[in-house]
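Below is one structure; the comments refer to it alone.
So that you can tell them apart, the chains are marked A, B, C, D, E and F in the order they are listed, and the count of residues begins at 1 in each.
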Amino acid sequence: MDSGNIAWVLVSAAMVLFMTPGLAFFYGGMDRGRNVLNMLMMNFYCVLIVPIVWVAIGYTLAYGPSAVGNDFIGNFDAAFLKDIAITGEDGGMTLATVAFLGMFAAITPALISGAVADRMKFSAWAIFVPVWSLLVYVPVFKWVYGGWLGQRGSLDFAGGTAIHVNAGIAALACVLVLGKRKGWPTEGHPPHSMPLVMIGTGILWFGWFGFNAGSALAANGQAVQAFMNTFLAAAAAGLAWVVVEWLRDGHPTNLGAASGIVAGLVAITPAAGYVSGMSPIWIGLVAGVVCCYAVKLKAKAGYDDALDVVGVHFVGGLVGSLLIGFFANPEFFGAEFMEGIFYGGSAELLLEQALANGAAIVWSFAITFGLMKLLALTIGVRVDEEQEATGLDLALHGETAYHSGSLG
Amino acid sequence: MDSGNIAWVLVSAAMVLFMTPGLAFFYGGMDRGRNVLNMLMMNFYCVLIVPIVWVAIGYTLAYGPSAVGNDFIGNFDAAFLKDIAITGEDGGMTLATVAFLGMFAAITPALISGAVADRMKFSAWAIFVPVWSLLVYVPVFKWVYGGWLGQRGSLDFAGGTAIHVNAGIAALACVLVLGKRKGWPTEGHPPHSMPLVMIGTGILWFGWFGFNAGSALAANGQAVQAFMNTFLAAAAAGLAWVVVEWLRDGHPTNLGAASGIVAGLVAITPAAGYVSGMSPIWIGLVAGVVCCYAVKLKAKAGYDDALDVVGVHFVGGLVGSLLIGFFANPEFFGAEFMEGIFYGGSAELLLEQALANGAAIVWSFAITFGLMKLLALTIGVRVDEEQEATGLDLALHGETAYHSGSLG
Amino acid sequence: MDSGNIAWVLVSAAMVLFMTPGLAFFYGGMDRGRNVLNMLMMNFYCVLIVPIVWVAIGYTLAYGPSAVGNDFIGNFDAAFLKDIAITGEDGGMTLATVAFLGMFAAITPALISGAVADRMKFSAWAIFVPVWSLLVYVPVFKWVYGGWLGQRGSLDFAGGTAIHVNAGIAALACVLVLGKRKGWPTEGHPPHSMPLVMIGTGILWFGWFGFNAGSALAANGQAVQAFMNTFLAAAAAGLAWVVVEWLRDGHPTNLGAASGIVAGLVAITPAAGYVSGMSPIWIGLVAGVVCCYAVKLKAKAGYDDALDVVGVHFVGGLVGSLLIGFFANPEFFGAEFMEGIFYGGSAELLLEQALANGAAIVWSFAITFGLMKLLALTIGVRVDEEQEATGLDLALHGETAYHSGSLG
Amino acid sequence: MKLITAIVKPFKLDEVKSALQAAGITGITVSEVRGFGRQGGHTEVYRGAEYRIDFVPKVRLEIVVADESVDSIVSAIAEAARTGKIGDGKIWVSDIGQIVRIRTGESGVDAI
Amino acid sequence: MKLITAIVKPFKLDEVKSALQAAGITGITVSEVRGFGRQGGHTEVYRGAEYRIDFVPKVRLEIVVADESVDSIVSAIAEAARTGKIGDGKIWVSDIGQIVRIRTGESGVDAI
Amino acid sequence: MKLITAIVKPFKLDEVKSALQAAGITGITVSEVRGFGRQGGHTEVYRGAEYRIDFVPKVRLEIVVADESVDSIVSAIAEAARTGKIGDGKIWVSDIGQIVRIRTGESGVDAI
């Protein structure tokens, strides 16, 4: 047991927990004032239900003792935290890892909430989240970390494929089943509270240091490099997005800075423990530019991804994951993984990255689509028109976000 | 000196400091727009005055070197931080503990502010806080940690009895002296800003990992388990509260999720370092359900506990503290404390828990009631009717929370 | 490599990163609703551009391997992070320090934004920030840490001179070039959202523990003392400001508490690793009282420092830095630095402190003034009257902070 | 038909509404306004600088009524809104030529 | 000249605005109001305690028009704002003696 | 008595208020409104998507005055609110049959 490592993993876990509220504010601020509480609730709900599911059977299926299960899914040996002791050699490190990864499990479905905003039944969401976690998140996680994809040599440091690409493509499947919001895309809805968006952005960036650098599962050199990468990629991507906007639309915006920061954080996530030097800046710049254009696709392609989960998380995650194929630098880390093309490697790593993402995309899209269809055919996934017009806060939660002024 | 432990205690202390603003937003968002600044001020005031009182004489009386004082109260040996060195063997650990515990001392009276909302004179609050800290918080803390109650074998890991039950029952004493808000309970006042409530909730949960897991005062296995318990109990209680609401009132609400999370955090606080496995989930579920009903008591019993300090902190703390009597699992921790009933223990632990809470309740209620009465008879504790109607922000602080729009 | 130290420096770095959004909210809440996004953008922009500049050449010039460069400026040996390895003995500590100090580099120009609020062209700010960082921040940092000022024996633990005095006097230079806001000082503008100010304050205080205690660059006794000092000075200064207000203006205000907390944090920054016992309380009390009066100077002297960067950061930083001359206590730390007057020292330390601040003030004021003049003569620094009247959010960023209600 | 416009203190709104309901009124339109008058405003102090707020929050009610009800409604409002302190507000009455209920297209007194 | 005041459902504002533009109206003043009427309000539940919200959000339009346009404008609004469900709102018309365009000082119909 | 309603640019409110005080007015009711007119609105761009905001913030003043003061008050407002740029706003005047001061029950010109 090393107290520094324990301290680091625990702090990182707390920081990742904090990201889900952060995400809620980031999304909620962008939403209209009559749907913001539904957005917050979709996010907070994830940190209520997923932890329970995770310690019950999620963890053991996804990441249980490496010997367990097969290359596709774990077994039930560590179900209900069975046999995870805090005394002895391990000193609690395994349990700390369960908690740390539980935070990841919780925020992943929360990412999807941004796409389905303003029109999804909360009852459908309540079922979707735990089921999706088990049917989509858990197997993809297993494949990537210790399963058949990881074993082939693909890399995903803190969840580019397993989390962002996975949730991003699932978001697309969800909105294809859900359909468009009334009035979209002709009627637009500007963010109801940009300060709330920026509060969310600040919390997300802060927490993301735990997300990425904590994924070293030790306070060591790799954690430090992952930290530095998280710092630089977010900055570069935020800058890139703002510059594109400034040139293209005439204004550098807060929402652009925030979106770029998040895009950079997403893109560096898979790469954080494998790239070094100025690489995170390049990754950030590419992600910032690409995502800034990617969010405009939905209008052309006609899918109503309300708050751009596809454009930011799917695209950003994919960009970062593929760029590992160019930037991976094992020598710097003194570690054994394939070199990227810019560091003397062949295209093999890039192909493995493509394969890993491809596999995740196919599985995630197919199962998510099926799950949403099933929900649509049974309890229904979409609120009725009147609820949508009234606003989901009042219609589904009996609450109103703001009661200010003398008329409440 | 172990740098990992120092790092952990310092980070935890910073996280607990952050909880007082978090509590301020949690309460302030629930309040009306014309009283929100008074609420924030009552909370922030606690972190201005209590630290000074704590390092001056609070710490030494409550927790000074274990040899000092008697079973009821410490002595003045470490007053004004005398003789607390950072060099030598200890390496600053004692001083780190003083700081860490100082954060607890600051947030405890802040908890009470939610009950007295909307009608207490700020001048009375300004005196109440330091005096209450010394007359109520400090002795109860001493009894529980190292004093006569702790020595008998009762358990309170991070302050269920010493903090939540203590502040919760004091809140009741306060509102009995203060009286009801004008219009209560016929006129209701919905939260003026639910997003602010949720910001507070996010900060509270984040900080509570420091509160509970930091209470191990080391980055060790017990800290890890306390961390995991804090994660699971909050999730389970939030879920339980939301489910009860959904079934009972027809809507799952954000305020319900937030209240449940806080209730779960309160309930696991005393138990965090003593229970394991699925126990935190059970504790959370019980706390969520019980507190969800307990907040309705005030309307029946007729005490105006504005933001449910009694229903959440007193009841939640008591529930968690008593459940230790069932769930305590010393074997898992490899430590020496009594077993809970479900782990082969007798009812002795449960009785000790009841006794410890009983003692804290009697002392806290009696002294708080007396102190408030004294204040009422001297400087007065209640604002006048016009101030209450105007709103405390303007009447007491000369400030207005929001100046938006063209009319300011 | 010590994992506890790495963990501590990384967490501290994340906490300092979080401070820039915190500062944005602190300032943004005080601003009017039509300029809040410009304020947030000025702050967030700093964490987009400065990290890139810092790792490119800032770090190596300011703090590169101590052997490099001369007493006035570093050389380019570590430009673009060259040769900073994470393997081997160092284990990433150097890189962690680069990241940690990068956060400081980012927040320093952000401090200035409060002064230039409501009227500065964003294009000018976009150029000002990186240029100022290289021409002012980097050399002053070098002088103070390892350069000619530091070598003479002056002390600046976490950036009182290098950051707060430096940014504070630069803010004065900026507003002298920029001129007054239309209507100032006759028309006042109360804070548009005090809760946002308090959110910023909470984040700032939380992050400042990383700022100050992290500056020990190890989880050791000095870090603990710096932590405790950060706790006590902020509390004492907040208390002092509130008491002055209460006596002078008849009301204790939230903005007063927040301002006092920040003033105390500023003042303890240079002293945090050098003073002990009750000294931070004295430093806080002095800073709280002095800054509470200092913010009123601008009206008399006629410079429009919109959100009191001079009154709080310049004055607070100077007060803290000079008080080191009285309170420095090397014996307590078992370290080699000059004693303060109250600890048996001569006036030498005080004189060195005065000299160090004097040098920083002269350089910072002169170069900043020149840079602003240059910008004014070329691209212009001030928005036109119509943009100022419209509000900078819409005029410069094409965004509006709040779209609530049915009219958006 | 007449339009009655009343400016009242915000915390009196509930009482006024009840009085109007008691008087048989079935529809009211209210809005938040700010009033300047004898009542005066207040001063706020931020970092020692004073800001004068001249406009006091008020609530404005608009009620269309049939001619014969005007007097009773005006007195109902006045009584419910009165505290006797400065700033209780005003009620004024003007003529309405036409009123339409949008849902049905009805007009005149039936539309009220 | 006449002042047309219309209380409509908020989400109908865009349609009403388009209808008015189509009818040749070049100026409108709108504000957020709350309405009490047959439509009723709603209940919110916080921590199990019910709060009754009687006033429903509405938008109020004020348009000054020349006498001859009144009828066509009133019907344009009524048609655009109609959903057929309770709460669609009201339109009322009153006389205006004088109107001034501040920018130019013009008055009468030219100032509209 | 007359009711003067004025729609002005928000940043002109202070000047208008001073002009009215100078003209002897002791009471005003103001509210936030949005105006649609020749001035046009603006466009905001979020993540590359444009949102058109047609309604411009304005302030609405309502002042009840005695018949004889109408003209002077109207010109006082018009002068104080004029910038000469499009969007300065409108002033219109209508008849008031009755006015009551709630506090005292006074009515007519005394109640103003």
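Following the convention adopted for this analysis, a contact is a pair of C-beta atoms (placed from the backbone, for glycine too) under 8 Å apart; a residue touches a chain by one contact, two chains touch by 3 or more.
Remember, predicted model here, so these are calculated numbers, not experimental data.
Repeated interface, listed pairs A-F, C-F or C-E, reference B-D: C-F, with more than half of the contact pairs matching by residue number. Here the spacing of subunit A and subunit C, counted between their Cα centres, is 33 Å. Centroids built from CA atoms put subunit F at 51 Å from subunit B.
Between subunit D and subunit F, the centres computed from C-alpha atoms are 18 Å apart. Residues of subunit C in contact with two or more other chains: 2-5, 7-8, 11, 15, 189-191, 193, 199, 203, 249, 251, 253, 255, 398-400, 402, 405, 407-408. Counting only residues that touch two or more partner chains, subunit D has 11, 30-32, 34, 44-46, 55, 94-95. The touch graph of the protein chains shown is complete. Per the touch definition, subunit A reaches subunit E in the complex via residues 187, 389, 394, 398-400, 407-408.
If you check the complex, the residues on subunit A that touch subunit C are 2-5, 7-8, 11, 15, 32-33, 189-195, 198-199, 201-203, 205-206, 209-210, 213, 218-225, 227-228, 231-232, 235-236, 238-239, 242, 249-255, 257-258, 260-261, 276-278, 281, 332-334, 402.
Contact residues of subunit E toward subunit F in the complex are 1, 3, 17, 26-31, 62, 64, 94-103, 105, 111. In the complex of the two chains, the subunit B residues touching subunit F come out as 405-407.
Of all residues in subunit D, only 10-11, 13, 30-32, 57, 59 touch subunit A in the complex they form.
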